[in-house]
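Read through the structures below before going on.
What follows is chain A paired twice: with chain B in the first complex and chain C in the second.
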Partner chain A sequence: MTETIIILQNIRQVIKTEKWCVNNLVDHKIVPVPKEYSSECGMCILIQSEIPESLISYLEESNFTFQIKDYKTA
Partner chain B sequence: MNLYFDNSSTSFPKPKAVADAMSDFMQHVGGTYGRAAYQRIWQTSSIVEDCRELLAETLETKASDNIFFTLNATHALNTLIKGLCKPGCHIITSPLEHNAVARPLYLLQEQGIIEWDIAEADADGKIKVDKLKSQLQKNTSLVIINHTSNVTGVTQPIKDIKKTIGGIKLLVDATQSIGCRPIGVDANDIDMVAFTGHKMLFGPTGTGGFFIKNPNMIDSFIQGGTGSNSLSYEMPHFTPDKFEAGTQNMVGIAGLNAALSNTPEPLHTRNDFLELIEKLEEIPHINVMKANNPEDQGRLFSITHTSRTPSEVAHTLYNEYEIETRAGLHCSPMAHQFYGTAPVGTCRISVSPFHSTDDFDELISALKAIK
Partner chain C sequence: MINIDTTGMICPQPLIETRRALKRAQEGEEIVVIGDNETAMNNILTYLKDQHIQADVTTSGNEFTLRINATEGFNPEVKAEAYCCPTPSANDGSYVVVIKSILMGDGDPDLGAILMKGFLNALLEVEPLPTHIVFYNSGVNLVVNGSGVDSTLKELEQKGIKIIVCGTCVDYYNIKREIAVGTISNMLQITEILKDAGHIVQP
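Our next item is the complex of A and B:
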């Protein structure tokens, strides 16, 4: 199964993106940012399917700074 | 009876939901904003962001990203004024500014950093917008307007002022107007607004903030931890982190968030309030200081007495009638100098939606009796 995470610049962007996912019925979870991607103790959004194009559009239109990475739970 | 007429200092009572939210936060939520990755932090951070969105609705802007929390309006105004006033710039203010504006400007003027002029105004303090253009100079970079005076309640025409000054930045001090008057940030093209949470938004003390259309215009006022970009000793350049170093007042923001969702239904009408003013004007020994045009009147006004000082009036109102008002200069010596009421000031009456017409009648009776 495809598991990717969206890492955003700060908590506000995570919360706004999470709300977008809820409103647009995109399955997601809030998980800690894996340590190989950031030393921060923050949160990111785990998407357990293909990331919809509409979500990418939302992130771009909102001028969010984001990275999409493979999720590693090891 | 509600005999608390000092709502311009801080509103009281607050909606019950405010204390409930604060108590619930202390007992069941806790946590800080964005500093870790467990549910408690998520819940706390969501409250902060919900509150930011509600503030954007109140300010009538879509740019909720450009709203930042501070401890109060004074903190917000200092952040904006000290961030914007560069050497050699010329500032214009209304004649009715609070010391939260006047003292930072005075300091900058004494340091030789700025020039500062006062806008011409009518007798009630309303700015003569048609004269404002002639006061602008080549180096005028900022106009600061106290939206609603905390002495007389006179409300300034910020839409017309912004139209007149064009590209020059407008900073609106909405301390007394937010929650009472539309501010129309987007529609009126307002550059900056400073506000407090504990007056007519009915939040707790220790809450406030500002809006800035272009956050890149100023640097952060304080530096510290943000839970982001922590390896860098530089403050983050992105928002809200840039302006929100240190742990925010989470309990206060939880209360403000509840306040914004539970605006009290007024127990009196606008006409009832204007009638209160009219009835007080009929008392021979009372002089009411207010806006010339009732449409410009905020939820407060001042009174003076023909033979007693404002302090004596306030003292008697409290001691003999348990009516709480505020006498003196109201931290606005500029306004009192303008109105000619310095140094003794006035006795200020400030109402809230929690006042009924019975409360107004009690105030009228008391002032009639204090001869």
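Our next item is the complex of A and C:
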């Protein structure tokens, strides 16, 4: 199964993106950012399938700075 | 010979069963106790030693077999509970998670909601897992379909964690038909679970 996380710049962007996922019926989970990517307390969005193009468009149109990474639990 | 199988039991139950067997055994009769809880075995051995009762111990992995010879030394007045810790699970690192709100911490509701989702999803990766997750007050709204953590809670339940949901709260929020996971329970059981918890984690 493809497991990808979207790491955003701050928690406010995570909250907005999570609401977008809920409203657009995109399956997701809120998980802590794995230690290998950041030692800080942060949340990211886990997508357990292909990331929809519409989500990428939303992130870009919102001018969010984001990274897409493989999900590996520490 | 009296055979007692305490497999799956936690302290003090194996010791209580052993004590019952000693009460009904004839003098010199052998009692064979098998089980898989090391703490319980040690408590039985201490109990027997204090009463000068001989026991042979064999262990294989987690499993133990005690062969006990009932003797005149047995004093039925000595209570089994005195040989067990007051919180049965306190020594084995077990714990109970209590979710009393849909939010984690006080402050901004959006932030609190996202933190709670992050906490419950992180719980999947933690070792050891809690024995129970108890939901009450607005926390019960997390066990319904579409809560955002319902699939996570199902995964936790499949791993053997008991998801306990306050029935009064389910009634108050009128969400019985929407519940996706867990067992609706009453305050008596919730109180027992919290009382017996090794420790409680409350995000």
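One rule holds in what follows: the second predicted complex is superposed on the first by the 73 of 74 C-alpha atoms of A that agree within 3 Å, B and C clash if a C-alpha of one lies under 4 Å from a C-alpha of the other, contacts with A are read in each partner's own complex, and residues count from 1 in each chain.
In this section, contacts are C-beta pairs under 8 Å (C-beta built on N, C-alpha and C of every residue); 3 or more make two chains touch, one makes a residue touch a chain.
These numbers come from a predicted model, not from an experiment.
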Contacts of A:Thr65 with chain B and chain C, given as first, second, both or neither: first
Touching partner for A:Gln9 - first (chain B), second (chain C), both, neither: first
Touched partner set for A:Ile30, first chain B, second chain C, both or neither: both
Touching partner for A:Glu40 - first (chain B), second (chain C), both, neither: first
Chain A positions touched by chain B in one structure and by chain C in the second: 11, 15, 30-32, 43
Contacting residues of chain C [partner chain A, same complex]: 110-111, 114-115, 117-118, 121-122, 125, 148-149, 151-152
Touching residues (chain side chain A, partner chain B) in the complex: 9-12, 15-16, 30-33, 39-43, 65
For the chain A and chain C complex, residues of the former touching the latter: 11, 14-15, 18, 22, 29-32, 43, 46, 73-74
Residues of chain B defined as touching chain A within the complex: 33-37, 41-42, 45-46, 49, 52, 65, 226-228, 230-231, 236, 238, 240-241
